[in-house]
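Next up: the structures, one after another.
Next come two complexes, and both contain chain A; in the first it sits with chain B, in the second with chain C.
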Partner chain A sequence: MKRILKMHLIFIRQDLKKLMEYKVDFLLGAIGFLLTQAVQILCLGIIFSAIPALCYTLNGEVLDAWSFEEVLFIYGFSLIPKGIDHLLYDNLWGLGYWIVDKGDFDKYLTRPINSWIYILCEKFCVDAFGDLVVGVALIVYSLVSMSPETIAEINPLRIIPVVLVIPFAVMIFTSVKTGTAAISFWTKRSGHITHMCYMTNEFAKYPAKIYNTFVKTLITYILPFALTAYYPAIYLLRGESWWSIPVTVAVSLVLFGVSQLIWHRGLKAYESAGS
Partner chain B sequence: MRLLRMYKPFTSAGLQEMVVYRVNFLFFLLGEIMKCFVMFFVWKAVFDSSDGTTIYGFTYENMVVYLFISFLSGYLTYSDGSYVIGKEILDGSIAMRMIKPVDFDMCFLFQELGGKILQVLILFVPITAGVEIYRFIITGEILFNIPLFLLFVLSMVLAYLINFFFNLSYGFLAFYLKNLWGTDIIKGVIIDFLSGATIPLAFMGGFGKVLGYLPFASLSYTPVMIYMGMYSAGEIAFYLSLQVLWLVVFIAVSKLILHLAMKRLVVHGG
Partner chain C sequence: MENIMIEVRDLRKEFRKAVKEPGLKGSVKALFKPVYNTVKAVDGISFTVPKGEIIGFIGPNGAGKSTVIKMLTGILTPTSGECRIDGKIPTKDRKKYVKEIGVVFGQRTQLWWDLALRETYMVLKEIYEIPDKEYEERMAFLNEVLELDDFITSPVRTLSLGQRMRADIAASLLHNPKVLFLDEPTIGLDVVVKDSIRKAIKKINAENGTTVILTTHDLEDIELLCERIVMIDKGKKVFDGDISELKRRFGQMRELHFELKNSADFEKLDYKGDFSFGEEDFTIELKGTIVDVRFNCDVVSVEEMLSYTLSRVHVKDINVKDADIEEIIRRLYLKGGEMLDAASENV
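For the complex of A and B:
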C-alpha cells in the first residue's frame, strides 16, 4: 500500500512537470471544463428566474420543493466526487478508447505491479480542477445565500458522515469506468460503452424525485450515481434519507467487487492487438 | 455532375468509415441523448412549479419538441472539420491533400457527407417520429406540416454548410494553437450557448434577440424554430435569407484563410 502511494506521488510529480512545460494546454483544458459548468449554471439561473422554487408534484399536489440555492448545492456537490475521480483516475478512458486497441496494454502487464493500479496511477488529469473549482464555488455560494431558516436546519454533525462517504462515491465512478473499460479486453474498444454509462451521472445533478420510476431505479441501484450526489447532499441539508449513507458505502463496495471481477476475467481473455 | 462523379470516392470512403464504427456511434448517441432526458424531467418539474402554462411563450409540449429537435439538428449539422484539419496540420499529413488535383475544402465536405448519410438514417426517422407521436398523444391532433418540414430540412442543410465553413476557418487556428482539444471544448460550449442549443434564445430577452442575428443562431435555433412553427412566413423568409448571407460570408472567409494558410504551410513541411 505504501509502495503504491509512493509510486502514485512520483507519477503525479511527473505529470506536474509536464504541466509546467505546457501551461497553456492546461489552462485551456481547465477553462473548457469550467465554462461547460458555468454555462449550465447560467441556464439554471435563467430557468429559475421564471419560477419561485422547483416543485415535485403528483396529481397537482406539491409534495416537495427545492429552492434555487438547494438545487445549486446539490449540483455543486455532484461535481466533487466526479471531479476527484476525473483528477486521479482519468486514464481508464484511454484504456477503452485506444490503449488496448493500439496494443499498448502489453506494457502494463510486464511491470511488477497490479495492472489496474498501474493504469489508475499513471495519469494525473489537471483539467479536473475546472470541475472541482466550480463544485466548491457552488457549495460555498449556495450556503452563503441560503435563508437563515434553511441554514439553521443543518446539523453540523451531519457533515462528518457526508465527508466520509465521498471516497465511496468516488469509487462508484471509478468502478463504473473500470468495469466498462475492461470490456475492451474482449472487444478492443469500449470507450463508447463507458461514455454511455458515465453520462447517466447527468441525472444525479438534480433532485432524484423529479424522475419517473424507471430513471429513479436506474440511478439509485443499477448505475447508482444518485448516491454520489443527490442523496448525500439532501441528507446534509435536511437530514432526509439518512439510509443513503450506509447504502452508498455498501453499493460502492459491491460495484468495486463486480468491476474487479470483470477486470480479472478480461485479463484472462486479453489477447494483444499489437504486432 | 462532373463534380459529383469526381468526389464520389470521398463520400463512399466517409460512409464506409461510419459503417465500421456504427456500433460505437450508437453507444455514443445513447450517452448523449441522456442529457435530453435529464432536461425532459427538469423542464417537467419547472412547468409544474410555474403558475402559468407557458414560460416565455413556450408550453411544456413546445419545450420537449425543442429539446429533441435541437439535439437532432445539433447532431446532423455538426462538423468536426476543425479537429480533423488541425490534426492533419500538426502531423503534416495535410500535404497529401494539397498535392491532389481536387479542391481542398470540397474533398473534406464530401468525405464528411458520406458519414452524414448514415447518421441521417440512424437519427432522423426515430427522433422525428418520436417527437410527432409525442405531440399527437399530448395534443390529440397531427401537427406534422409538410411545407414547414421541407423548409426545416432546407434550413438544416444551410446550417450544416455554415457550420462546415466556419469549422474549416477555425481549423486553421491549429497553426497558432497547439491544444486543439481544449480550444475545441471551449468553442463547443460557447457555440452551444450562443446558438440556443442549451436554452432557447427567447428566454434571454433583449440579449437573445441580438443573438438571433449572429451566425450562431443560424446553426441551430433557426431550423428548430421553423420546425416548431414558431415563426411566421415573413420571419421564415427573413431568417432563411440571413442563413444564406452567413453562408456566403463564411465561404469567403474560409477561402481567404485557406489562401493565407497555404503560404504558411511551407514552414511546417510534411
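For the complex of A and C:
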C-alpha cells in the first residue's frame, strides 16, 4: 500500500510539472471545459427565467418541484464525484481506446503489481480541476442564493453521511469505466462502449424523478449515476430518500466486484499484438 | 534437475481470427455471420534452458518467437502445454513471478514517456521494493555497464533510440532478475550501440549468472552472444543446438564471387546445364559485371567450380567465401518445416 502511494505521488508530481510545461494545452482544455459548463448553466438559467420551478407532474397534479437553486446544487454536487474520478483514474479511457488494441498493455503485465492499480496510478488528470472548481462554485453559489426557508430545511448533521458517501460515488464511476474498458480485452477496442455508458451520467445532473421509467431505472439501478448526484444531493437539501445513502454504498461495492471480475477474466483473454 | 532454469513442454497458443471477405460487403457479412479461423501461432514447442545460459531464439517474421516470449513472461496465457521458469508457472501468481524476471521489448519501450530517467528508476524501485543500499549498488553497476550517466536526467521522450534501449535494459535489470528476456534488443541500432549492448549483456550474464533468452534477426547477436540457438518456424521448433553444430550440419554452402572482364562472357557460363545442382543447391546473380554464385560444395567441389569458371571466362577478380551463419539461416528459413526432420533425427 505504501509503495503504491509513493509511486502514485511520483506520477502526480510529474503531471503537475507537465502542467507547467504545457501551459497552453492546459489553458485551452480548461477554457473549453468552462465554456461547455457555462452554456449548460446558461440554458438552465434561461429555462428558469421563464418558469418558477421545475415540476414533476402526474395526471396534471404537481407532485414535486425544484427551484433553480436546488437544481444548481444538484448539478454542482454531481461534478464532485465525477471530478475526483476524472482526476485520479482517467487512464482507464486509454485502455479501451488504444492501450489494448496496440498491445501496449504488455508492460502492465510484466511488473509485480496489480495491473489495474498500476494503470490507475499512472496518470493524474489535471483537467479535472475544471470539474471540481465549477462543482464547488455552483454548490456555494446555490447555497448562498437559496431562500431562507430552503436553507432552514438543511440539517447540518446530514452533511456527514453525504461527505462519507462521496468515495463510494467515485467508485461507481471508476467501476463503470473499469468494467467497460475491460471489454477491450476481448474486442480489442471498447472506448466507445465506455463513452456511451459514461455519458448517461449527464442525466444524473437533474432530478431523477423528472424522467420516464426507463431512464429512471437506467440511472438508478443499471448505470447508477443518479446515486452519485441527485439522491445524495436531495438528501442533503431536504432529508428525502435517506435510503439512497446505504444503497449507494452497497451498489458501489457490487459494481466494484463485478468490474474486477470482468477485469480478471479479461486478462486471461488478452491477446497482445504482433511485434 | 536442479540447474534447469526454464522448462517448456508442448507449449501451444492458438488465436481465433475472424475471416473477412474483401470490401464493404464482406465486412457487413462478417458482422452478421462471422467465420473464424484458428491460427496456431505456437504449435507444440518444447525445450529446456540451464541456469546461466544465453540462448538465442531465431526464426522468420511471424514464426511465433514473440508469442513464445509473451507466454514465458506471463503476458499471454497458453492454450495448452506448460512452461516453468525456476519452478514457477508464469500465469499463476503472476505478481510474484515477474519479480524474478526482466523483460525488454525492443519495439516498444516500457518506460514512462514523460518521466526523467532517474525518476523512472525511482518508480521501479518502489514497484520492486528494492532496499536503498541495494538500489544504489545496482545503479552504480548498471551505470558502468550501460553508461547511463549522460542522459539520466533527461525525460525518456528525448532519448535517442540507442539511449532508450540502454535505459530499457537497465530498467529490466534493476531488481537483479534470474532470467532476462530480450525481444529484439538491437533492432534499429547502429554498430557502436549494438556492440556496447552486446558487451553489457555478456557482462551481466557473467557477473550475475543471469539466464538470458534473446530473440533477434541480427545474426551477429547470435554469433557473439549465444552458446545455443533454438530456431522456430510456423510455430514449430526447427533446430535446437549449438552454433558449431549448425555450421557443421548445414554449412555446405559456398559463395563464389567474381568480376567479369567482359559482361558478354556471362553467357558462356552454364553451371546448371553442366552440373547437376538441385533446386536449393544453386543460385546465380549478375549485377553489371559482378557475378554472385551460391552453391552446395557437397554436390560440386570448390576446386571444380573454380576451374570450370576460369576455363570459360576472363575475370578481374575472384574469391570464394565460406558459409557464414547468415547463409545457413537463410537456407533454413527457406526450407522451413522440411529441415525439422533432418534436424530432429540427430538431436
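Keep this in mind: the second predicted complex is superposed on the first by the 274 of 275 C-alpha atoms of A that agree within 3 Å, B and C clash if a C-alpha of one lies under 4 Å from a C-alpha of the other, contacts with A are read in each partner's own complex, and residues count from 1 in each chain.
Keep in mind that, in the parts below, a residue touches a chain if its C-beta (ideal position, glycine included) is under 8 Å from a C-beta of that chain, and two chains touch if they have at least 3 such contacts.
Since we're looking at a predicted model, the values are computed, not measured.
Contacts of A:N155 after superposition on the shared chain: neither chain B nor chain C is touched.
In the superposition on chain A, contact is made by A:Y211 with chain B only, not with chain C.
When the shared chain is aligned, chain C comes close enough to touch A:I10, but chain B does not. By the document's definition of touching, of the two partners only chain B reaches A:T36; chain C does not. Look at A:D106: by the touch rule set out above, it reaches chain C but stays clear of chain B. Once the two structures are superposed, chain B and chain C can be ranked by residues of chain A touched, with B on top. When the two complexes are laid over each other on chain A, chain A has no residue in contact with both chain B and chain C. Here chain C touches chain A in the complex through residues 15, 62, 66, 70, 73-77, 91, 94-96, 98-99, 101, 103, 105, 107-108, 110, 112, 114-115, 119, 122-123, 126-129, 183-184, going by the rule given at the top.
For chain B in complex with chain A, the touching residues are 23-25, 27-28, 30-32, 34-35, 37-38, 41-42, 44-46, 48-50, 55-56, 177-179, 181-186, 189-190, 192-193, 198-199, 203-204. Residue ranges of chain A in contact with chain C, taken from their complex: 3, 6-7, 10-11, 14, 18, 103-104, 106-107, 109-114, 122, 268, 270-272, 274-275.
Taken in their complex, chain A has these residues touching chain B: 22, 24-25, 27-29, 31-33, 35-36, 39-40, 42-43, 46-47, 50-57, 65, 127, 189, 191-193, 195-200, 202-203, 205-207, 210-212, 215.
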